[in-house]
Amino acid sequence: MERLIIKSDQIHTWLAKIIETVPRVLAPVKTGSKAEFKEIKDAGSVAYDVITTTSSVKASAFPNTETLFAYEKQGTDTKIYDVAEENFLDTVIWRARPCDAVGFGPLTKIFNWDYKDKLYNERFSRLVVVSFACDKADGCCFCTSVGGGPGNTAGSDIMLTKINDKETLVEVLTDKGQKLIDLCKDCFTKADDSIDKESVLAKIPVRFTREQIHEKLAKSFESPIWKAQSERCLGCGACAFVCPTCACFDIQEGAHGNHGRRVRCWDSCGFTLFTQHTSGHNPRPTQATRWRQRVMHKFSYMPDRLDIYGCTGCGRCSRACPVDMNIAEHLTNIANNE
Amino acid sequence: MSKLSEKAATLLSEGTVKMIIGYEQGTERPRPAFCHKPEDCERLIFNDQCSNNLAVYLTKKEIIGEDKVGVVGNYYVIKTVIQLNRENQINLQNLVVMTVDGDDIITFGSIDEMQQYVDTHEPVPNEKVLAVIEKIDKMSRSERWDYWKSELSKCVRCYACRAACPLCYCNRCVTEVNCPQWIEPWAAPLSNMEWQINRVMHMSGRCVGCGECAAACPLELPIGILTKKMGMDIKNTFGGWKDGSVLSTYNVNDKENFIK
Amino acid sequence: MSNNIYIPYVMVVDKITVEAPGVKTLRLRFQNEEEGNKFEFKAGNFAEYSAFGEGECTFCIASAPTRKGYIECTFRKAGRVTSGLDRLEEGMTMGVRAPLGNSFPLDEWKGKNLVFVAGGIALPPMRAVIDNVLDRRDEFGDVTIVYGAKTVNDLVYKEELKEWEERPDVNLFATVDPGGETPDWKGKVGFTPNVLGEVAPSSDNAIAIVCGPPIMIKFTFPVLEKLGFKDENIYTTLENRMKCGIGKCGRCNVGPMFVCKDGPVFSKVQLNALPPEF
């Protein structure tokens, strides 16, 4: 790993070069009072003054809606067409947050723990993640409680940390990252060993540990806490859809005449119909059981089965929730629950 | 203990109700609160920031069960209770409807009392919303189409709008019906428009204008504009909200005969 | 199959059998013979069957792996996809992703007596095992089948029931719910768990395999326990809702177990360790 310095006014020169070279650059762009990852064509359109985007950047590897394959019915026969290579673009994610970057870990496990999901892998392998360390956090941020941190480099190819108004530290973490540096070599100088990244990072208190939650969950399946916590939950999919690690999906059919495609789209364990059988029987018949599934999945089942936790502490679900289901608050209560 | 907390605690301790639904302080703004025991009521608050339409819980059997419950809601909660009653979705016998007016806690004894309150306490219209509606009204047809296409293409179909709406109580929403599939259930510009247009049509004359659909949208889509504008059109065309659901109202003397 | 795991095999509907009102069996062969020759599965494996234009649905493979050259899919017309499958005619193509999930541990059951208990439309997953056992008949002990449906008309595999009835090495007890019998019905009348108790197969050196709606399974387990069956000798299949069938889409799990990967076959010992979410 190499540590470099870029002058703040050079960052845009470098980004402009990246935009010129790479087929697709995604970055936070202002939308009303918030920001979302969008394709940018101009280095000036990046929104740097938001803590996080509303949605995570997972759609870059796991789109909200994607074609799994297409087909054409020809008489009694059916011809099948695989997803074409052109659908997978080399992509730079600019100004991700550490909690975005680390989210690809759980996603990659989900899509590869057993069968390998080519569509996810094709997209993910073409991503280069440039993260910006956090110097600010809000009340919903809790990355330090789930093994992350405002300067955590896991999952990033490059991490930038603004040291002062003039200089930004550039940590080159992978070969993919190095290739982006090579696009604009003149912009960078070697970083002095004395530069202390930690001192400029946001201070985010640790409220619980993942292990604490995991241990509590082992004995909590029948706990009244699920009903109590989920009483106000409306059962929408906002939390799951903005989450960097939620990967539950539906498979649907889009057909017109003899042509059709099988479609994968995001789904949520919070929806009533998610597990409902055709007969009407529902293994998770109440919002309390669905809320329990959400927490159990992330903090019990995933670590047990995939050896990874399904939460990056980004706080997006809490910000998106119409009724303030603040996950860090709920997890803190679970950790302290007797 | 505030007057509100005291009142709620009394209702619970005297056994008048089994649960009180109100507001408590949340992370950054008030949020719905559920009190089962008198001591839970200390958390209850009521102020201008209390915007969630709590009536959304009144049609959820798993929340209210068969017991009598109390609700301390804002203006729109009261307005919604009237509409839910009109649509036979709630049992008024099992409901104590309250609101807070200055220092007073008002308990409504009847729908008429609620109606009177609603008629005399209409909130000032949201100027921002009206300004957007005016802007959209001035657009040409194709500009309007482009505007909505662009806005609604951002919809991710999380259905927070539907979940937050107290009048979206259908057990199986039209977007989940698949025999036949009326609306494609994934996020795409066309199906998003179909979804939002269907929703607003279904709300015509029923929507109480609380704006919770828009407030719930994590992407800040201007969907409240759709319901608001629909409400205005209904009022101008059919004479106002009190007539109830426009699309399900039937009159044998109707000059149109397609339904006969 | 392409390395795109969502692309199904294209299979041709060779034969359609109407089993009961709304229930059909499709016999399918691989359109690509080479794919068919390479295809292997075990009793208990399931498949994602697709009607192009309507989508996919999940059922166990209803035929035995010992019957080569085809697989069978038995389904009841209920929703959009099964209505699509119902509209298929012989010679038409459909999609199949298979084999998926685990299977019954048949090889561990060698020399044992087998008691099959099935209700309604749950005979198809069990039929894969029964036919497999009958094709290797001398490897197993007694074979007892208790199968019930609402009415005589609702019994599936009527031809096979007749064959099993006639075989001296199979004890078949077909039953219909009270009120579901016809004047010429010679089988039993009563709910499947009750009939099982009445027939009372010995639990000595025996394995019980139970497939049916949740309510039938719930009432069958205590009967088996009374008959002396130990939990490690009781097997069933879970049928949670699935989409991907390959451990990703997130809806079929019961606690940490994926029905699509760790199941659909579970022993009662395994079930006992799972939270009641099925």
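In order of appearance the chains are A, B and C, and numbering begins at 1 in each one.
Please note the rule applied: contacts are C-beta pairs under 8 Å (C-beta built on N, C-alpha and C of every residue); 3 or more make two chains touch, one makes a residue touch a chain.
From a predicted model like this one, the values you see are computed outputs, not experimental measurements.
Student: With centres defined as the mean of C-alpha atoms, identify the chain lying farthest from chain C.
Tutor: Result for max centroid distance from chain C is chain B.
Student: When I count C-beta pairs in contact, which pair ends up with more: B-C or A-B?
Tutor: Of the two interfaces, B-C and A-B, more C-beta pairs touch across A-B.
Student: Indicate, using Cα centroids, the chain positioned nearest the centre of all protein chains shown.
Tutor: Most central by this criterion: A.
Student: Taking each chain's centre as the mean of its CA atoms, how far is chain A from chain C in angstrom?
Tutor: Distance between chain centres, rounded to whole Å: 40 Å.
Student: For chain B and chain C, what's the span in angstrom between their mean Cα positions?
Tutor: Centres of chain B and chain C (C-alpha means) sit 47 Å apart.
Student: Measuring centre to centre with CA averages, how many angstrom lie between chain A and chain B?
Tutor: Chain centroid spacing, chain A to chain B, equals 32 Å.
Student: Give me the residue numbers in chain C that touch at least two other chains, ranges are fine.
Tutor: 79
Student: By the touch rule stated above, which residues of chain A touch at least two different other chains?
Tutor: In chain A, residues 250, 252 touch at least two other chains, as defined above.
Student: Could you list, by residue number, the parts of chain C that touch chain B in their complex?
Tutor: 79-80, 83
Student: In their complex, what parts of chain B are in touch with chain A?
Tutor: 26-29, 31-34, 52, 56-57, 62-63, 154, 156-160, 162-164, 172, 176, 184-188, 212, 215-216, 218-220
Student: In the complex formed with chain B, which residues of chain A make contact?
Tutor: Contacts found on chain A: 31-34, 36, 54-55, 64-65, 139-140, 231-232, 234-238, 240-242, 250, 252, 254, 263, 265-266, 268, 271, 273, 285-288, 318-320, 322-324, 326, 329.
Student: Per the contact definition, I'd like the list of chain B residues that touch chain C in the complex.
Tutor: Interface residues on the chain B side: 178-179, 181.
Student: Report the residues of chain C in contact with chain A in the complex, numbered from low to high.
Tutor: Residues in contact with chain A: 2-8, 10, 12, 31, 50, 52-56, 78-79, 91-95, 213-214, 239-241, 243-244, 246-256, 258, 261, 275, 277-278.
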